[in-house]
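A, B, C and D label the chains in the order they appear, each numbered from 1.
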Amino acid sequence: MNPANYLILAALLFTIGTAGVLVRRNAIVVFMSIELMLNASNLTLVTFSRLHGTLDGQVMAFFVMVVAAAEVVIGLAIILSIFRTRRSASVDDVNLLKY
Amino acid sequence: MTHTPVHYAAASGAFSVSWLLILLPLAGAAVLLLGGRRTDRFGHLIGTLAAAASFVVGVVLFAAMLGRSGDDRAVSQHLFSWIPVNGFQVDVGLLVDQLSIVFVLLITGVGTLIHIYSIGYMAHDPARRKFFAYMNLFLASMLLLVLGNNFLSLYAGWELVGLSSYLLIKFWEDRPAAATAANKAFYMNRVGDVGLAIAIMLMFATVGSTSYADVFGAAAANVIGYGTISAIALLLLLGACGKSGQFPLQAWLPDAMEGPTPISALIHAATMVTAGVYLIVRSAPIFNETQAARTVVVVIGAITILLGCVIGCAYDDIKKVLAYSTVSQIGYMFLAVGLGPAGYAIGIMHLLAHGFFKAGLFLGAGSVIHAMDDDQDLRHYGGLWRYMPVTWATFGLGFLAIIGFPGLSGFFTKDRIIETAFDKGGTSGYLLGAVALLGAGITAFYMSRLFLMTFHGRPRWSSEGEDARHPHESPPTMTGPMIVLAVGSTFAGGLFVLGHSMQDWLEPVAGEGVEGVHTFSPIVLTALTLVVVAGGFAAAWLRYQARPVEATARPDTEVTLVTVAARHDLFANTVNETIAMRPGQFLTRFLVWLDLVGVDGLVRGSAAGIGGLSGRMRRLQTGFVRSYALSMLGGAVLMVGALLLVWGG
Amino acid sequence: MNSVPWLTILLVIPALAAVVVAAFPRRLATQAKQLTLAVTLAVLVLAVLATFAYHPNRAGFQFSQHYDWISTFGISYAVGVDGISLVLILLTALLVPVVVLSSWDEFDGDPQDEGPAGGALPEDGGLPAGGGLPESGGGTAVLVATPPVRVEAVAQAVPVPRRSVPVFCALLLVLEAGLVGVFAATDVFLFYVFFEAILIPMYFLIGSFGPAQQQAQRSYAAVKFLIYSLLGGLLMLAAVIGLYVVSAEHLAHGTFDFASLRQLDITPGVQKLLFAGFFIAFAIKAPLFPFHTWLPDAGAQAPVGGAVLLVGLLDKVGTFGLIRYCIPLFPDASDYFAPVVLALAVIGIFYGALLAIGQRDMKRLVSYTSLAHFGFIALGLFAFTSQAGTGAVLYMVNHGLSTGLLFLVVGFLIARRGTADIGAYGGLAKVTPVLAGVMLIAGLSSLALPGTNSFVSEFLVLVGTFTYNKALAIVATTGIVLAAIYVLYLYQRTMTGPITHEANRNLPDLSWREKAVVAPMIALIIGLGVYPKPLLDIIRPSVTATYTDVGRSDPAPPHPVTSQPGGRS
Amino acid sequence: MSAILLAQTEKITPPSIEYSSLSPLLIVFVVALVGVLVDAFAERAARRVIQPVLAGAGFIAALIAVALLHGRHALLAAGAVAIDGPTLFMQGTILVFALLSVLLVAERRLDSSGGAIVASAAVTPGSKGSTAARTSADMQTEAYPLMVFSVTGMMLFVASNNLLVMFVALEILSLPLYLLTGLARRRRLLSQEAAMKYFLLGAFSSAFFLYGLAFAYGYAGSVELGKIADAVGTTGRTDAYLYLAVGLIAVGLFFKIGAAPFHSWTPDVYQGAPTPVTAFMAAGTKVAAFGAILRVFYIAFGPLRWDWRPVLWAVAILTMVVGAVLALTQRDIKRMLAYSAIAHAGFLLVGLAGTNTDGLRGAMFYLVTYGFTTIAAFAVISLVRTSDGEASDLSQWRGLGRTSPLVAGTFSFLLMALAGIPLTSGFTGKFAVFQAAIAGHATPLVVVALVCSAIAAFFYVRVIVLMFFSEPLAQGPVVVTRPTLTFATAGIGTLATLVLGVAPQPLLDLANTAASSGFVR
């Protein structure tokens, strides 16, 4: 089938991810949405890799996964510490810093 | 077109030190001002000495000039280069010629006398030293004015006499009236000075020089366009009017009487106020070229004569009356010099004669005021001749001189003016002659009024009661100068006219005094004049001698409109206020407001605007992660969109 | 003798002295003052010596020095003087010691030292309205508990006396160095650096040494002054860089060297842009109408000494820039914009005079008179005749003297009565005759009375303008009436009439120190009025050269005399 | 499918790596790893000594390595890393700033309780242990290895010649920063909040970057900057992928430099993070991010410059305006400096708008000057304290010039540098970039920039007014006089600000040679 469809799918995923970041309040979910965006990029990479007939894209996807994993660690640490302080993971509760 | 400058003889012998004339009084002033209180005790002596010394130098120079042959009597001396900028080369230089020497003698002579007089008059004033300093300063400035050999030096002297006049009018500074009068005098003079300044610029723009030699050379060579030269002449005239209190700039002169009386005598009667006449005669080569300007001069002269006389009749303040008489007498001079070569010399003659008798009159008035405890109201005088005979005699001579009593100086000089006015011929001639004649009559009236109300009739003051008056004769330091001046005013006129002596003397400067065809034979005219004068005197006699004088003037409601108008200076001040002062004040207030609200408001407004913008934009920084993300997304979309547009288009 | 690096010496001495003086502790105030006075006097002497070493009729810059500074941008430390800058350096060297001496006691044991801030919020220091912050620093205050401040904090926070004499002296010295630099620079970048650098000391002079009790107005004036000038300066920076880029296009390597820049022939279009950049900066600095509104505030809020330097010297940088940079570098643009400048100048003459008449605060009044004077200067500069130009440059010097003296006198009055309000005075001529006399002399010089310095310059400006454009000159000339009014009206209100306030009844007359301050000024005012030739001979060649280079020559009179030009006869 | 794989597996050959040329990177990386081990094994007291020394030594060593490498001009690791003038210049700069920041972090005498880094991040604010955590003398020494890791990322970021490496570097430099932001000893809540915001938004932006990378790959079939440029240059083929790539990658990079409208994190994070970390971020991250931007836009998208210039202009203007205007009404001094940082990012973009070597030189010079000044400024800020930490609220600075003139004077000088007053490095820097811009026919942009700096000057001046022209508060802040390290840092920064303002020529020469050698590709 036409690989372009994969690109469209990826674009959709990316959009969903973005929307998630904007609309969801729970920090964890927001973070998951970001992960979704990363994976959309991965899908795009892989698709292009297929289109170009080279492996580079797929290799890159691996890199991205590793990075994403690292990001998860840091992210969860931060979110957790905040959660422990405030007993809430809502990103809307943290807005002391403004204006 | 080029042309050669007028030639003046080089300074040599006595003339090489003619700068002493100016330096001596200047040094006097400097010593007195810098010396401070230390010189209080003998300050007046130094001042008088400086004046006298200057007078001596003047006499020496005069003698030296007599010793020279007619055509190199005009001596020009280059002192130093003042303002040299490429084409614009102005030097400080002196021109001692027949005209200026006459003025030098008048200024230093009368000046010295009045210095002496002031020793007595200001004896009790704590600031006498300063007074003499200022008078010396005035002498120096006035001498610079008449001696300068270029228009810029003249301008310098011109403004400096304005300064000394200002200083002396406000000499009693704690009197608000004095301060105001001084400022008024300076302002109105400045208006005139603007004219003079522009005239000088125009000369430079036309001839490339401001020295008499070059300018007059050009004027004589008749290379300057009529329009230009008329403009120059008229601008000079504006200056002259300002300085000489001629219509329409006369309003300051009466107020200037706030100054001490010797000042009124020296500056505002004898010398400074006649500077305008000097300017016109000095610029004869220019005025000769432009009939238009001369016409304006005579018209102004004529108007001022009447204006002065009429107001003079209405005042009860002795000094104000004399002031207005000065105004009208100078009007005569303007009328004369406005008549061109025929009148220059006559104008000067009347100027000199006037210098004597008006100075004498003022000093006399001063002595009266002194005697009456600084009361200047004629209506509080009367019958003073018994108490102050010398004053009465000297004043009387001056009075006779001014009304033109046969044989006294006024008789010669004023009659010559009337005569010349008629001789001008044509309707204008008759008109001017008539005005002059009428003026003579009115002068006779108000001066007689003044004289009679002061010295004759029954005293309107009491020697007892709370404001008791003990009139007494003044000390010799005061009477002495009065006597000298009386003598002067008696004989000066005669000397001048005797065999055209004055006219011939001034001929190189003022040009050939053309003896026009007589409209009337001099005898007839003289008789006519005498009749008119006698009429004036008679009227005054009937009104103020035959009948008793009220001790207080009648209120405006009971007198004729003319009198009311005259009492209000013919509304000159009202006019000035409505056309100049009020709008000026309004404009000033408006601009102050505009600057604050408008110009600066713009500045402050823009600052406030940015601040407000900042205040509003801060709100966008809500502190919510999601809104930050939204703004980022928005930015991303915009950027990518823009790029895609670039790609598409 | 030109081997002597005069300018660098004049530049370095005050700069070093400033560093030294700044290090003085407060208790050595007197020594600081003495040192400062000595240094500034030394600078004056050196400046005079330099003037003797200067050859007026030699073309181009003299005492020139040239060292590469930032070669990447063709920037160099290049100094040199022509007649124009030399006289202004002389003026600087003269006024600074005068100011030092005049403000000798101003900050000793100031009663208001410990005074409260007068309830003035820091935001009054020029924070735009509408910038108020209801919720300061977010909710921080709410959540983060704020335990009471520790004791030593309180102990350390006690306000110390607010005016340090050494600092004041240091600022003056820095200012002097900067001014010498700005006039001596022959490298446009260097000029710009000094142009901006002198703002800072003046900013502090206004901000922390102005009237003690008016903290809010002081800050406002200082900030307004700084930001206003800075805005102009930054616009000029754009033009400066533009000039560099243009030079880089014309020459092999871009440069800021003035001499080589004026050789460029820049296309008129570009000239106009660059001219605008420079002109606005200078018009703000000078100031010309309508960029003047910072001046009255700054003039009124600066300490008297500061005001003298501000109006007497700093503002000259603007007019100096006009003739040094705008006209020679952008002749076509100067032609093009001349009508605008002349119009602004004439407006300024009347606007300044009328506003001066309307003022009730003496310092503001003097500031506004300066606006009128700067109108005359600008008029002279853009009349493009050697007379007007020379007159204008001489006017810069004379204005420094006359207005400087006027400010000093006003300062003396304020020092005695503590207010600049004209209404608080009256009838002082009887109480303090010398003071009154000095004020009158200053005033007369300000109204350009013949015999005082200003007359020479003002008449030169007018006559020069007259040969260029009669109408303008005539209109401008009528301005001298207004000058008479604002001066004499001020004198009348303060010095004449009866004494209205008891406080005035026994004010002391001028002290010896004060006399020593005004004496040289008066001597110069009269001396230069009677014999201005020495200065004119220094200024004229440079001005003439400037105008000849841009192809301007004086219009010849239609009917010249055959004899040698001038009034000798 | 599998056939292809096989075919390629045979071709794969390990790339040759010139370790010598990578030495700076490797040194720092190794130091970071050692730091982790030290933290694991050395005991508390020792760590606080070893760690900073270790980190400092590592930075110095790396600095020497960089110096030794000067003049190198090569692509390494199969074109993944580029060692050339700009790289070395910026790596050096980053190392210097890192060194200064380490000094700040190592400061332990700020007030009664240790340094700026929290004793144990795990303790919940408000809980029993929290006060102890605030007052206890020790600190979370992991800060040092984290900083070193971040520096590694930065150095790789400016050196990466390959979008993927760049992405990885981006994460390496960001992740430690996220953590560091959360380590403030005082105002824990703000610190944690800042960390979270920074993290979420950072991750968000890197997602954009990554997506852009994918499109770049899709367009050119490679993520090597040079190859992308060739694809544009040789084939001249341009399609939507390319422009999507430019846009999305730009988002990621602009986020890092805090350009509007991607700036919103900056004020919050600058305010919340511990001051030394803020200083480190402000100086280091800017250098790194600009290094990357320069590389990407000059090499990969160089051929397209006429297409992205307008966008760059728009962003630059918006950034300058937002920075200058918003700073006017700030009350918190760190927040104000954050906005000023945004404004400066705008000025730097103006330099880029010239798109010429002058721009490169100017930008690099500007980065150095700005870094020194801003580190010094934050150092001074950390000195002015009340009982609950730094006197961050502007109103507390009133009259500081009277109570402690030296500190106030220094700070005023730094503010003037930021405002760009002549004879400070700030002016020279501005001059350098604006000159480039005008030479590159971006004059309108420069005029806007200058107006903005006039507005900006206003709020710097306001602080000076506060410190000098207003009367001190009765209970004003105290300037702590003990912390030598902080004083040293402030001193060095101020000195550099002065020297670079008066005698910038040497550094300019350095930047010039670095820039004119150009990017390797």
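The rule is short, and it goes like this: a contact is a pair of C-beta atoms (placed from the backbone, for glycine too) under 8 Å apart; a residue touches a chain by one contact, two chains touch by 3 or more.
Small disclaimer: the values here were computed from a predicted structure and weren't measured.
With A-D and A-B as the two chain pairs, more C-beta contacts join A-D.
The most distant chain from subunit B is A, comparing centres defined as mean Cα coordinates. Here the spacing of subunit A and subunit D, counted between their Cα centres, is 25 Å.
In terms of their C-alpha centroids, the spacing between subunit A and subunit B amounts to 97 Å.
Look at where the CA atoms of subunit B average out and do the same for subunit C: the two points lie 38 Å apart.
Computed from the mean C-alpha positions, the centre of subunit C lies at a distance of 43 Å from the centre of subunit D. Residue numbers of subunit C whose C-beta contacts span two or more other chains: 126-128, 131, 133, 138, 140, 143, 227. Contact of a single residue of subunit A with at least two other chains is seen at positions 21, 30, 91, 94-99.
For subunit D, the set of residues touching two or more other chains reads 189-190, 196-197, 200, 204, 208, 267-268, 328-329, 458.
Contacts from subunit C toward subunit B in the complex involve residues 126-133, 138, 224, 227-228, 290, 292-294, 351, 354-355, 357-359, 386-387, 390-391, 427, 429-430, 437, 444, 449-451, 455-456, 459-460, 462-464, 466-467, 470, 473-474, 477-478, 480-481, 484-485, 488-489, 492, 495-499, 530-533, 536-537, 540, 544, 554-563, 565-569. Listed in rising order, the residues of subunit B touching subunit A in the complex are 618-619, 621-626, 629-630, 633. Against subunit D, in their complex, subunit A makes its touches with residues 7, 10, 14, 17, 21, 27, 30-31, 34, 37-38, 40-41, 44-45, 47-49, 51-57, 60, 63-64, 67, 70-71, 74-75, 77-79, 81-82, 84-85, 91, 94-98.
Interface of subunit C with subunit D (complex): residues 69-73, 115-117, 120, 122, 125-128, 131, 133, 136-138, 140, 143-150, 152-154, 156-160, 162, 192-194, 196-197, 199-200, 203-204, 207-208, 215, 218-219, 222-223, 226-227, 230-231, 234-235, 237-238, 241-242, 244-245, 248. The part of subunit B that touches subunit C in the complex is made up of residues 1-8, 33, 76, 78, 80-91, 93, 149-150, 152, 155-160, 163, 166, 170, 173-176, 178-180, 182-183, 186-187, 190-191, 193-194, 197-198, 200-202, 204-214, 217-218, 223-224, 584, 587-589, 591-592, 595, 599-600, 603-604, 607-612, 614-615, 623.
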